[in-house]
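Got a structure here, written out as structure tokens. Questions coming.
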Amino acid sequence: MHNKNDNVRSEIIRRSGVNPVKCMRCGKCTATCPAFDTMEYHPHQFVYMVESGDIEPLMNSNSLYQCLTCFACVDRCPRGVEPAKLVEAVRLEVIRKQGANHMKPDSIPAMVEEDLPQQAIVSALRKYHK
Amino acid sequence: MRKFSIQALDTIFAKIAADEKLYLPVDGENGSNYKLWEPGVQMSDALNTVRSAKDFFFPQTENLIEFKVTGKQIDIIDVRNENEDFVVFGVRACDVRSFDILDRVFLSEPIDSYYANRRAHSVIISMACTRPAETCFCGTFDIDAANPAGDITCWKTQDSIYMRANTDKGEKLLAKLDGLTEECDDSAVSAQQDKTRRIMERLPLANLSAEKFGGGKTNEFFNSPAWKELSQACLGCGTCTFVCPTCQCYDIKDYDTGNGVIRFRCWDSCMYSDFTKMAHGNSRNSQVERFRQRFMHKLVYYPENNEGIFGCVGCGRCLAKCPISMNIVKVMKKLGEE
Amino acid sequence: MQRIGVFVCWCGSNIAGTVDVKAVAEALRSEPGVVFSTDYQYMCSQAGQEIIKEAIKEHKLTGVVVCSCSPRMHEATFRKTAQAAGLNPYMVEIANIREQCSWIHKDMETGTQKAIILGRAAVAKVNLNAPLIPGQTPVTKRALVIGGGIAGIQTALDIAEAGFPVDIVEKKPTIGGKMAQIDKTFPTLDCAACILTPKMVDVAQNENIRIFSYSEVQEVKGFVGNFNVKIKKKARFVKEDVCTGCGICTEKCPQKKVPNEFNLGMDNRRAVYIPFAQAVPKVATIDADYCTMLKTGKCGLCAKVCTAGAIDYTQKDEIIEEQYGAIVAATGFNPISLDKFDEYAYNQSKDVITSLEFERLTNAAGPTAGKLLRPSDGKHPHTIVFVQCVGSRCAACADKGKEYCSKICCMYTAKHAMLTRDKYPDTDVYVFYIDVRTPGKNFDEFYRRAVEEYGVHYIKGMVGKVSPQGDKLMVQASDLLANKQLHIEADLVVLAAAIEPDKSARSIATMLTASMDTNDFFTEAHPKLRPVESPTAGVFLSGTCQGPKDIPETVSQASAAAAKVIGLLAKDKLTSNPCVAHADELMCNGCSSCANVCPYGAISYIDKEFRMPNRTTAIRRVASVNPAVCQGCGACTVACPSGAMDLNGFESAQIIAEVDAICR
Amino acid sequence: MQKITRENLINKAIELLDNGTVSRVLGWKIGEFAYDVTPAVFTTKEDLQKDFIFDDFCNANFSKYLIAETRKAEEKVLVFLKPCDTYSFNQLLTEHRFSREKVYAVGIPCEGMLDIGKIKALAGEGIIDVIPGEGSITVKNLYEEEKTLAYGDVLTERCLSCKSKKHVVYDELMGEEGDVIDSNRFDEVEKIEKMSADERFAFWQSQLSKCIRCNACRDICPACTCEKCVFDNPKSSVNNKAISDSFEEKMFHIIRAFHVAGRCTDCGECSRVCPQGIPLHLLNRKFIKDINSFYGDYQAGQEEGSRAPLINYTFDDLEPGEAVGRGV
Amino acid sequence: MSINSEYKPKIVAFCCNWCSYAGADLAGSNRLAYPENVKIIRVPCSCRVNPMFILRAFQRGADGVILCGCHPGDCHYTSGNYYTRRRMALLFSMLEYLGIEKERTRVEWVSAAEGAKFAATMNDFTQTVAALGENKRLEDLRCKR
């Protein structure tokens, strides 16, 4: 069951530093997720699907971009699984396949607004800059 | 008598060292000690080495035999390696005499073949003293520092070194150096000897006499009350014994290596509480008795068994090294008072 | 020279699977001292032990090496075997070739080689073993139970029933513990008070039991059979033997604003109080932190109204010293603090409560006289959300929760949900769970009744957030099976807080020299085979101080601990472990280093006359070890520079021989 | 400041003998040469006047002699203690090695003792007289040569980094009391700590390989007072009489230093008496330095009855893993 | 020094009976592998370990010595491991001062419940020691014949 996407799976696990096996399926991540409504796959599903190597659907899902990277799931998880990091890792997998950078450091000053949290820029750069 | 210029010293050493290992006193951080000569090694000018020359024949530890144990099988392994020729250069008169004293112990029946082999394979080149120290008292035991024994005797002057062979071994070695030395008379040597002997007379211990001691004096000294006073500061360490050129006591011990046993002998000291400890305990169970043993041996027991020759050569090492400055001179003076 | 027999165990395939046992037996046969060597499927079996016994007799063995499982498992077994064959039991050593070898190595060659080396080390040690004779010490026939909850009560009653005197030390003014605060018990729904209070009365009336309430253990010295304990009886400013428990003082006391800990602070009591009606001893206690008289010297009302004249403002803490043969730890548990779980708003809303608080809210003697009302406004809640595993199974948050499962929450939450629905059928009850764990007699049936008969909504998923909005609590949660996020408007949220050992347990463990695990639960001597004993001889474990437990389990463990204590107290003499330190007087110089490091005070000094050279004598100060007090740790052996101090069974020479054998 | 002289000490000793306070006097006895001084027990006025000496070579620390001396008789023995000797005295009392009641301790001042080894190294052999001067000594030899040497160049190693001129225990003090000194005694240790591991190994290998196992360091050491040393005890499995492998000397010196760790007062006698000139005090000082930095300053012998660091602990001591890798 | 992949250092592990030996047993029960070069010697308490034993192990050819005891505060004998901690801190510092590689000695606190930690510790220690190569600085050549 785990072998179909083993390479991608282990790469995601390596990149995120997350051990999805630690998950005890309590769903607290999903319960706490502010983006739940817009997401196709929810944090606990992310964890489970990565664990079972079912990564294709995740890569094709818009859920990747609905995650706000707010880390609520990371904070609340009683087992220290850190689902957001998995989402991030899958997102990177998609971005890296696309090749070019979507965002360049040079373009950042133009984006800076007073109200924009710095973390958003950092997250965006992480997401869209290879 | 042969002589050569002091500048040729290294050439002479190289010639000797070409065939045999050559050892000589070399200055180190902690005074002079015997080292293997190699090109570039300088001979020390110090009066004497910190450790005595007895190590050459009677090293501090020496493996005698080994047993290899495999399960319950024991194999005996011969590890002897004392059959190599070597030359010791620059031995002082006192240390040369110490070899005689050791010979009388190790070469009398039963002969200690380890010691005997080393002696047989050695050539001793002695060096006459010119600048004795305040601790020297070889004269007390009729040793002439200006005319030491040995296979070859050397005298060192400002510019030259004079050599005289005393034995066949010495002749042979000297012959080997023929091309590098020249024949000479002994006038320079005599002059130096006279000078040295005059200094010897002025030494603080020049008048120390061993007359009162010797064989047959056991009863006279054994029960002297002086021993208690003399020994009360003694720590019971083995410093005097281990720097002494004539102390010859050893212990034979087995070292279990885990794979077998190495049987070795090592110096022992009669100052130690477990010296000659036997099944019943210790025959000398207080420091007074142990202290007495060492000096009685040097001054009474040894001469008794060896035609009056004393077991001390007056080298003065123990005077310099005893942590509490107790020594044979103080013992002789105190006992001699009575 | 010893005559050593080597016995290599296969342990079925446990050892033989990765160790060539025949080769081990063969290799060890050629070790020095070994005269016999063999192997067998199960050395610990009757037949295996017979082989050892016969070999001891036939080959006149003086030492035995068993290459088998861990000595922690069967060392005692094989020692007894040897003893039965007439050999001193301490002439037996175990080479651990299972846990340390066959179980961790996969390769036969590797396993065999290592097993040989481990066996060799054991042989090297036995070569230096000497027969050891255990000492004997008398047993004080009295037990101490620390903690007066249901565990302590049951243990004390059982011991007392067997005829031995028992003292209970309880730090609160009454015994009863957590069970006294509980309303009903699962799965039978008996009233907790109805089944507990008769036992409390039994305790009070039992001639063999003394209760030291409002007391703490202050110091424990001694050892199994001979503990010397100092108990601090805290001043309660009421003469216990005079107070009739009439309660007049508790009604007249003008200081009314003292949070009532029995109701978890949900209502108030007076500065002088009796925790609850059925308290044992039923004696008032003055709370020095709140009493005006004690704080300012002005008031004295309680003394005036007390017809018995029991009030004594000058009372001081009292130290009682008593001897005990055995000590039982029954220190119990507490729910963890939920202060750090911001997401559940426990600190923000009065209507977010713990399960224990819920018990008090539903209890007839509680702050609401048994009516389920919201603490904030006293209204009846219509929607109640229960959250399980709050702080339990929490591996990522050691500062907040506990990694272990608290075991009892599933069942009491089902009980709460069921009782709520039973009494208030108009209430919607949700239970959020990760797993529902119901292993126990009638447990799953109970849970299913809650779902099937009482219509409790069990939802697989966790609550992510509770946010107070107006007088409601917005509960955001996930329903994992429906893959939905739920938003429930609740009136009351009940959190099943994890339980943890009582904070006092750590210091008590230190006094008892009993070990604890990283969660501060007492460690049992063996998790399976000696679950009610501490590794420290004479110290026993009862109830939740050893691990989370429900009431039936606690009671059975309490009785088990009592049985162990009775077994101990029934003996007139105890044989003590002979593996103790001993000083070689000839070498000892009396410097006191050893006595300074001895944790048991087992070393004293005597002036002894020694024969010196030449028929003189000298008096020297030398160490002397009390073998009954020494526990054999060996700290002294290293503190001693001369090597005069050595340890039986673990002598320096033996350990060095093992080192040599291993490094060979 | 009045200088305490030989005469002062002799008079004090005679006074105490005469009034029956003591029956014996532990003092320094004049020897063959200007520098050779032997510890001795004096019982009469005549002996004291004839042989008692107090000069720049009175190195010997009498504390250890008290163990044997106090066992000999019921009467008190008089002992003269230099400041550093008093620390050893206290440490031995802490370890119950002799009875305080049997000793009358007189503290005497010390301006530092001289090292004959250093003098000989600078002035050569053949010394017949050493004449003390102001800040220097004049050495005369057999060859009618004279040399003046600065005090600082010939002080013993331990006196160069003297830790205290204060007497921590005495019954009576002669002269004025000094102070504990902020010494530089750890400089040498730090120098070694700063070397690379290879250099450190090379340094100690070369030093320790000189050892001849004469046991002088152990036998002079006031902390080594075991009735029988483990290295002499055949039952200890580590006994050995002589060095026959480089391991043995390491074992001996490490264990010896460990056994006296926390008890060593840093009196420096070990290095002073070593016939091979091994700086053994640098091992002991390493332990002292570590103890000070790991567990807080501790001076063995400063206070009678104090608990040595190795028989003590706190709950938050540093871990062994944190103890290494600090100096380098 | 070239690191031979076949090189297997000899490791002596002193384990206290109550915590670490039980931890090792647990590692065994859980089948958590660690190198066979680790050999365990059972002592009642870590405080039973004399520095002489450690030096002895090196003398006899051990390449690394590790001492395991209960966590500070958990000692079965209350205080044993506190003494161990001081003794070993000083001993290890001294060995380092003498130029002995500091990685050859280690103290690790392993409880009876920490089978996994025991195995991980032994794996790590063995690797560390293997990287150093043979113990040359505290060897006794007589024992290597």
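Points to keep in mind about this one:
In this document, chain identifiers A, B, C, D and E correspond to the written order of the chains, with residue numbering beginning at 1 in each.
Operating definition for what follows: contacts are C-beta pairs under 8 Å (C-beta built on N, C-alpha and C of every residue); 3 or more make two chains touch, one makes a residue touch a chain.
Computed from a predicted structure; not experimentally measured.
Fewest steps needed to get from chain C to chain E, stepping only to touching chains, is 1.
Shared contact partners of chain A and chain B, listed by label: C.
Looking at D-E and C-D side by side, the one with more C-beta contacts is D-E.
Chain centres here are C-alpha means, and the one lying farthest from chain A is B. If each chain is reduced to the average of its C-alpha atoms, the one that sits nearest the average of all protein C-alpha atoms is E. Chain C has its Cα centroid 44 Å from the Cα centroid of chain A. Each chain gets one centre point, the mean of its Cα atoms, and the points for chain B and chain E are 47 Å apart. Spacing of chain B relative to chain D, judged by their CA centroids, is 31 angstrom.
Distance from the chain A centre to the chain D centre is 71 Å, each centre being the mean of its Cα atoms. Shared interface positions of chain B, i.e. residues touching 2 or more other chains, are given as 255, 258-259, 262. Shared contact sites, meaning residues of chain A that touch two or more other chains, are absent. Residue positions of chain E touching 2 or more other chains: 51-52, 56, 60-61, 73, 79, 83, 87, 142-143.
Contacts between chains, counted with the stated touch criterion, involve the pairs A-C, B-C, B-D, B-E, C-D, C-E, D-E. Put simply, chain C touches chain B in their complex at residues 30-32, 613-614, 660-661, 663-664.
On the side of chain D, the complex with chain C involves touching residues 71, 95-97, 225-230, 233, 235-238, 259-260, 307-308, 310-312.
Those residues of chain E whose C-beta lies close enough to touch chain B in the complex are 60-61, 142-143, 145.
Of all residues in chain E, those touching chain D in their complex are 51-52, 55-56, 58-59, 72-73, 79, 82-83, 85-102, 105-107, 137-142. Chain C meets chain D in the complex at residues 586-593, 596-597, 605, 618, 620-621, 639, 641-644, 652-653, 656-657.
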